[in-house]
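What follows is a set of structures for review.
The two complexes that follow have subunit A in common; it is paired with subunit B in the first and with subunit C in the second.
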Partner chain A sequence: MTLGVRRWETLAGSVQGVGKRRNQDWFDCRGTGSGDDPLVLAVADGHGSAVHARSALGARFAVDRFLPLAASFGRAAHDCHEPGRLTRLMTYARDDFPRALVHEWRQEALGHWDRNRPVVEEAAREPRPQEKLVLYGTTLIGAVLTPWLFVAWQIGDGDLAVVEHDGTLSRPLAPAEEDLGDETESLCGREAWLSVRMHWAPVFEEARAPRLVVLSTDGLSKSFASGDGYGEFVRGLAGRLAEKGLADVRETLPDWLAQASRYSGDDTTLAAALRPAETPLPAEAPAPSGTPAPGEISAPGEVPAPAEVSEEIPADAGAAAERTDGEADGDADMERKTET
Partner chain B sequence: MSGMLDGGVRLAAENGDDVEILDFLGAGGQGEVYRVRTPHGERALKWYYPTLATAEQEAIVRELVTRDFADDRFLWPEAFVPAHRGSFGYLMGLRPDRYKGLPALFRRQLRTSPRALLTACLYTVEAYQALHSRGIAYRDISWGNIFFDPDTGDVLVCDNDNAVVEGDASGISGTMEFMAPELVRADPGARPGTQSDLHSLAVLLFMLLMNHHPLKGRRELGIHCLDEAAERKLYGRSPLFVFDPADDANAPDPMEHATVLATWEAAAEKLRELFRRSFTIGLRDPAARVRESEWRDALRAVLDAVVECASCGRQNMTEPGENPPPRDCWGCGARLVLPPRLTVTTPPPRTEHHIRLRRAARVQAHHLLPEPARHDCSDAALVAELVEHPSKPGRFGLANRSRETWTGTRSDGTVQKIEPGQTVPLRSGLDLDLGGGVRAVVRAR
Partner chain C sequence: MSDIPGGPMANRPVHFIWLLDCSFSMQGEKIAKLNYAIREAVPEMRSVAHDNPAAQLLLRTVTFSTTAQWHHQTPVPVDDFTWQDVQVDGMTNLGEALHLVARELQTPPMPQRALKPVLALVSDGVPTDDWKAGLKAVDATPWGRKAVRVAIAIGADADRGVLQEFLGNPELQPLDANSPKQLAAAIRWASTAAVKAASQPVAGDGSGVSTAKQSYAPPVLDDDDDDDVW
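Presenting the complex of A and B:
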């Protein structure tokens, strides 16, 4: 089996929500997708309200802790063809990885809290660890891609979309029932590892590996008026990538995210991995000309549904949307480039 | 469609059936499962990953297919589907929707009850006992194989392609969590078999009831990604029960392991005792492991002793038998008030079953037998149940749901016949002849 000769390509970006004080999303992508250098990518969405005052940091800790853990898991998969190895990798991915991830994130958050204690009265009670962690509450979606394995994990809202080898779109980690309102599962939850969902997809033929893997925070999916708007967006993204190439999409991505953010009122972040097509797209794949590309017809909600309009959107939403994360008023180290 | 096979692909099973791929159902550690169309209706097709489609696995599947193991508790390989693009598979029944996996239980995505979980444990024990009694070792008991109905506790054992004839030295899959320590250590002469299955079964029961692994305490927190040496130590070289009475080095961490601290506290001592034995002496001495019959008797006894808290209505385990120690509700903390007890005495060898007469308590057919081959907690095997008087709330009686006419003798010596469908008022000292040499006596405590 000769897999993984060609490397994956990535694109990613993040835009601060209109009216938000700072961008509480975080993202990162590393690696090429080879056996020795797995591609790992993650997006996280800090909860952002007053009780989660440090959630921007929590989101960053989540991504920063996920990447090396997932890369290490991906490297461990190099011998997955040995008897019993895939079973072991799967049980690790399902049972142990979430625990390790939550444990590491907790250590990071509690360590930060210890080094950055709030000024309080001397007699004040030391908060319990769980109370400290709530300050850092965040979601996380992360994936690892190697020539033999595609595994993804998610806690809380946001979306993982996969354009399969034959062009079909799947959302393998979508919950059976959407979270109600703004409530979401979180890394700061009491037994957060129990809420981590896992997608497991060994790859035995490179030609059947996913064509495109898209991770995004809920600022993107919330921006669409119709239920399948997000799906259309991802199909359009795949089509545009096939038609115009990665460079073009990278250039346009910040505008799409800004537009999405304007409609959702939320920080909006996307990280995607693209497997360069070896041959022209099969006929059954959505034709670029037939499927509206993002930024055209299926761009984030032209007419947002009432329920999707955040109260945080100011009257002059268009003007506010021009504030991208580069203009965020947060810590300098929280600013992000919009490409990797 | 993701997976190794595309929708619409047609394969030929060795029994002659034409098999058409419909949907991808999921991927596991050994292969993928598809919903397929056959001339006999829709079935499930397990399709091995090419790296696991070995001659050895093929031989195991072929052997299992020929065994034709007709038992509704198992999704058994029914027909071999020969090689196609470097792999092969087998047909089995589709898992009905009512059966849910353990991950959903651990994630609190299921509404279930202590009674349903105890019933699931009892049925699980009997399912594996049924295999072992036929000389088949399962070798790969784990939480991925068991599915259960959260309402009734009915179980369905899947992935039966890992079962082999006892003594077969075929290799087993790679998860250490359920493997007996001697197999993890690869002790000379150690082979997967019914003795090692008993360890796996104890782990599975612990996970069903406690929602946690019995060896994953503080020590697991220091293990890094797929650190095989550390895992071998945790599960093989020096396994230590999280509730080992003599050594708390691997005790649960109050923050990371809050669930098991709570579930252990809520469990009946009769079961805790068996778990202690399984995960202390049983780790070192395979012959000392808890046998299926011991689990079965303890689980049935505890199941019969589940009561509802009068304050909050939650189901609680209590100690079986007379005069159990006082206990507080695991949910609200109120002291549990124990309802009367029905002692059912079977014909010789005269086994006693103690059933707490909680609301809607039931006597099942298995209560009438000294050594029931199989327990059935469904309506089909109902013999008697506690019912409330339709016009006098708070007054209860035992309704005869059997086909036998009972004879009841009150403590004052008066006798009455209770025909099928009739109800006898519940009174302390009531002595019932349930027919066939079975006697039942109502006791206040």
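Presenting the complex of A and C:
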């Protein structure tokens, strides 16, 4: 079966929290959603307190490293409906992708630390790598969308919401119980890859692909008085997009985010992918770029570095794949979370 | 006001609870200075709260002597908070006070949507009841485990071991207040630093560094040059 390429529109913005010296969130959206150019979205929230003094950079590194990795993974999913391939892809997404992501982020952060060492007394002890990484602590939520596959990963707080083809709202990576207070898992954690949760959703029929995918930092969800507020927000966003169109929402989004940040006190960032419901598209129609809407920070304009994950699924994924055959054909949310 | 979907928005509460030793050993200057120090710290707490507009600072006080009781049972927004002096009376039933607090740290009545609560314990003596059971009750609540804890030891007779166990973290030490001046400084620190710590996001223990604790490590108080040392 040949699947046509569905064009995605993107919507994104970020505002700085009230009283914050700088915005420690980062976000980006790239790609069209075609098989050769997967749509990749990511938002990251640097922890921001004094012990995480470089977390704004950490958030940026997280997004910047996620994008090419996820795009490469998305391209590797090209023929994923071949027998057994989907299972291997899922195993890779669950087990290997988080390790690769954490490794890349650590390399980036430690490299930055080496090039930007703080001025200290000569006799001062060299901080351990883990201590250096804490400076850059950040959360990350990222997603990749291709004509065949929708996969998302999350470490730490923040929200992923999906409006399915039939209008159903789901929050596939939400923890069973929200963490109390503002403690969060982090990319700077000792075995951070174990804390990465994954949402796996193969797309078997184009018409059943999600209608709307929303990624946001916790500055948004924590602003609502009601526990259901965030879900209501996403439903309202979907309704407004359907009723008034993307241009209207793009114009309104900065005000919404600013209002949320006044209550949460946090930097507030949203990145979303919208699949227009009634626009027939040719199979390989060019799509607009994923450039975010105006926000208070702008997404980097450079094309991401070449993908650094092999487009071939590693051979050793096969053994693990045997164990997960039963899960691979449907949605699966996987969580490996350490206690905090 | 933009018409953002999702319903009403609200900032999140920080519940700050003073646990004050009002046993007979506090009689005289100690209790007078404690009352004075807390009254003087309230404006600074307001200032910290105003610097954190996303946090709604709510204050309560429990006193313990022969019994433990709420001095302010209903959480009072810091802007409406006025200090009413506490009085001394009898023994040092810290365990009972901790049980009272533990009941308030359940969800409900504590909301799920809140910042970490602050528990600030001030004592000059040795508990006379089963304080370990009270501490266990606090530790058994989700919010109790998450709480930012500070402890102030007044004078040489304070049982620092008890206060250390209350803190529950070997990296933190009780703050010694051996004179009126040091007590005022300690109360000021507890009132403000702990509130800031409660409203700052941090990485969990997975980071390998106990970041949450470092942000409110107690200050080093000046050597006391008061004539009046407890």
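Methods note: the second predicted complex is superposed on the first by the 275 of 340 C-alpha atoms of A that agree within 3 Å, B and C clash if a C-alpha of one lies under 4 Å from a C-alpha of the other, contacts with A are read in each partner's own complex, and residues count from 1 in each chain.
Please note the rule applied: contacts are C-beta pairs under 8 Å (C-beta built on N, C-alpha and C of every residue); 3 or more make two chains touch, one makes a residue touch a chain.
A quick note: this is a predicted structure, and the numbers were derived from the prediction, not measured.
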item: Which of subunit B and subunit C A:Gln130 touches, first, second, both or neither; value: both
item: Broader residue contact with subunit A after superposition on the shared chain, subunit B or subunit C; value: C
item: Subunit B versus subunit C as contact partner of A:Ala76, first or second or both or neither; value: first
item: Touched partner set for A:Arg190, first subunit B, second subunit C, both or neither; value: both
item: First (subunit B), second (subunit C), both or neither touched by A:Gly239; value: second
item: Contacts of A:Ala247 with subunit B and subunit C, given as first, second, both or neither; value: neither
item: Touching partner for A:His52 - first (subunit B), second (subunit C), both, neither; value: second
item: Partner chain(s) touched by A:Ala225 [first = subunit B, second = subunit C, both, neither]; value: second
item: First (subunit B), second (subunit C), both or neither touched by A:Gly19; value: second
item: Contacts on subunit A seen with subunit B and repeated with subunit C across the two complexes; value: 130, 190-191, 195
item: Residue ranges of subunit B touching subunit A (in the complex, touch as defined); value: 1-2, 4, 6, 27-30, 49-52, 54, 103, 106-108, 142, 144, 171-177, 220-221, 223-226, 255-256, 258-259
item: List of subunit A residues in touch with subunit C within their complex; value: 17-19, 47-52, 130-131, 133-134, 137, 178-186, 188-192, 195, 222-230, 232-233, 235-237, 239-240, 252, 255-256, 258-260, 262-266, 338-340
item: Touching residues (chain side subunit C, partner subunit A) in the complex; value: 1-2, 4-12, 51-55, 112-116, 142-143, 146, 198-209, 211-212, 214-215
item: In the complex with subunit B, residue positions of subunit A that touch it; value: 69, 72-73, 76, 80-92, 94-97, 99-100, 103, 129-130, 162, 164-166, 168, 170, 172, 190-191, 194-195, 200-202, 204-205, 208, 210
